[in-house]
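First chain written, first letter: the chains are A, B and C, and each begins at residue 1.
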């Protein structure tokens, strides 16, 4: 009898130990995956924040630029820079033939003409003089310099020719290649050229979408939650609504995309690819999340507070607005931010409403076409160029940073409000 | 007590215990009174001694009951009927204790009395005593049965005792007047008679307590009185 | 003088009847205690008096409750005005999670009882003084009310209730969450308050009912079994059920 009991006890302890072990290994697995993921993202992505520049001497020959004596600002603006740009690249190898000159030109981005022009616009006195100008290296050379490009491939499988590599190596030896922080990644819109592509358009697109989403979803959801929780009679109809709100939260996001496409674009004729439409679509998706969070936090307000206010002679409205809603705000707000964070990471509905289009301008308002960060990731991941691989990771890092900031914000809000009164 | 028992069993036990002690004390008093009367009428010193010794037992009951009552009030905070039970027990115990004392006093005087007392005096004393004994017995019955009518009966019967006492007193006074030698015996007899009457009064007190216990209100009106007692001997 | 007169009050929760034919007179400027076992309807009756039962959808009240000869169950009765006249203190101290000052000034604010900041300060001060809390909190009026001890919180709730100068104060087991000293302070306060207010208190503690009230009503299974002066109920109740309950024989 006693022995039996002892065995049973041992068994129970062993079961508990096993259970702990399972739990610990589950957590370990989760951490492992997370670490691998983060490591992968960071190791491929960090280099995107560096940009490789070639330092090339440029002679601002007024004849080649078709400039008169004493040119005005407009003249400089309208001047032709193509020839001096081409010439300065060709001058890197004085013995180059025509093909090689072409290859030399392709060592920098197609933007090099503009970079030279900007240089002169900054300092018009340079006319007739020679100056070393920083030119953006082509994405392939950028990758070569960062060591991401396998140089030992046969030449016909590379996008960089042996000749380009030779000149590039000379430049490196001469200290004419420099790596600097990649500001253009944050200030440029998307581009077909990896070395020029930036996230400004999609970042702004995301922000505009989230703002639109917040402005629509938050008031509607909070009002709905307050009405359902505090005012609506409890009957079959409201039960039905409650069930459907919960169902709505479980609807796949792409369905909301179809709704946006079918209703907002087709019927209301709103402009395609804009954060406005994206925001409205996302707000439909976020609504049930916020309603559920707001209702839960309204429910969590102790009934004694409501009773106290009612017994003081406050009307139902006063009770709700003076006491219940303020007390439920921390929960509602953090629910909202979590809902927005979800919306921020959403891709599928945005693809459907056309926010996947290639946008090379930075949107100035929700009515301008824009991409969004997750869609940008999707677009870049689709692209063939090697230069986009690191951009994808970098964009993921930015998106993660955005999300973490929002969650942090949610925590701070919750903490601040709760601290005040407990 | 109501039929339903208390939720707290130990409380119920304590109340029952208190009740039982009152009954025991009451019968001890009844016993003492009976024996004291027997001793004086049969001139039996042994019985008288016995009564004197037994009074200690009655005193102990009183102390015990008082302690129980204080405990009940402090620890149980009795309410309504329980409160009346408790308070009544306390008051009854002090009346009963007095009855015990008076019986003891009668017995002490018995030991000092002369052997030959006139028969008419003994008869007369016997008459009062028997009546008082009956009253005491009825009172205890009233307590056991929680009967207000019996208590009222006892209460009303006090009048008769007063009358009988007065009659007895008159005879003792006559006895005193007859002969100077009777002075000592006569005085003792006077006190004995007075004591018996006092016992009757205490019994009536107890009956009043019982009435309050049962009804929750006091017996209205003055206690019935017999003819004015003769104290001065002026007639 | 009779302040509140309940006539044949029936209360239903859906189809279940919670109170049967309650008729009860409540004396002005006295403390009336309602006692009885859990679920006997005493709290339900209390909540009829300021119509807090309105909040519960399935609850319906029949019969007349006259306060100052005005039937509060009448359609013409305005609940907000009624609750201004009839304050309530709950079982668990439930101060608003706001400052002490805001707690006490809330009632006067919504009922527009103060014209200026100064007037409001006065109302807050007198209410807190009447609730015997002023000395303890006068230096921290702008700290949260939830930072007080349980007994202080309950006195704050009382201060909040009396800030609108109600004629009647309903107390629903106000001391059940408090320690004996805090309880004694509240009981002393109730004794003070009855000079200006009519008080009805629901309590599970019979000793408390005996200590604070002048009249006691005993509820059992939704019925008012007995009602009378407190000393009568506790010394010699007429009904055996009452007797059995207060002597601890059932419940």
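The rule is short, and it goes like this: a residue touches a chain if its C-beta (ideal position, glycine included) is under 8 Å from a C-beta of that chain, and two chains touch if they have at least 3 such contacts.
Fair warning: this is a prediction, and the values are worked out from it, not measured in the lab.
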Innermost chain, taking as reference the mean of every protein Cα atom displayed: C
Far-end chain from subunit C, centres as C-alpha averages: A
Which of A-C and B-C has more C-beta contact pairs: A-C
Mean-CA-position distance for subunit B and subunit A (Å): 104
Subunit B and subunit C, separation of their C-alpha mean positions in angstrom: 52
Chain centre separation in whole Å, for subunit C relative to subunit A (CA means): 59
Set of subunit A residues in contact with two or more other chains: none
Touch list for subunit B against partner subunit C, complex: 2, 4-8, 11, 77-84, 215-217
Residue ranges of subunit C in contact with subunit B within the complex: 206-207, 210, 233-237, 240, 242-244, 246-251
Interface residues, subunit C side, partner subunit A - complex: 50, 52, 55, 57, 80-84, 87-88, 90, 92, 94-98, 106-107, 110-111, 144, 146, 157, 160-161, 164
For the subunit A and subunit C complex, residues of the former touching the latter: 233-234, 302, 304-315, 318, 322-323, 327, 420-422
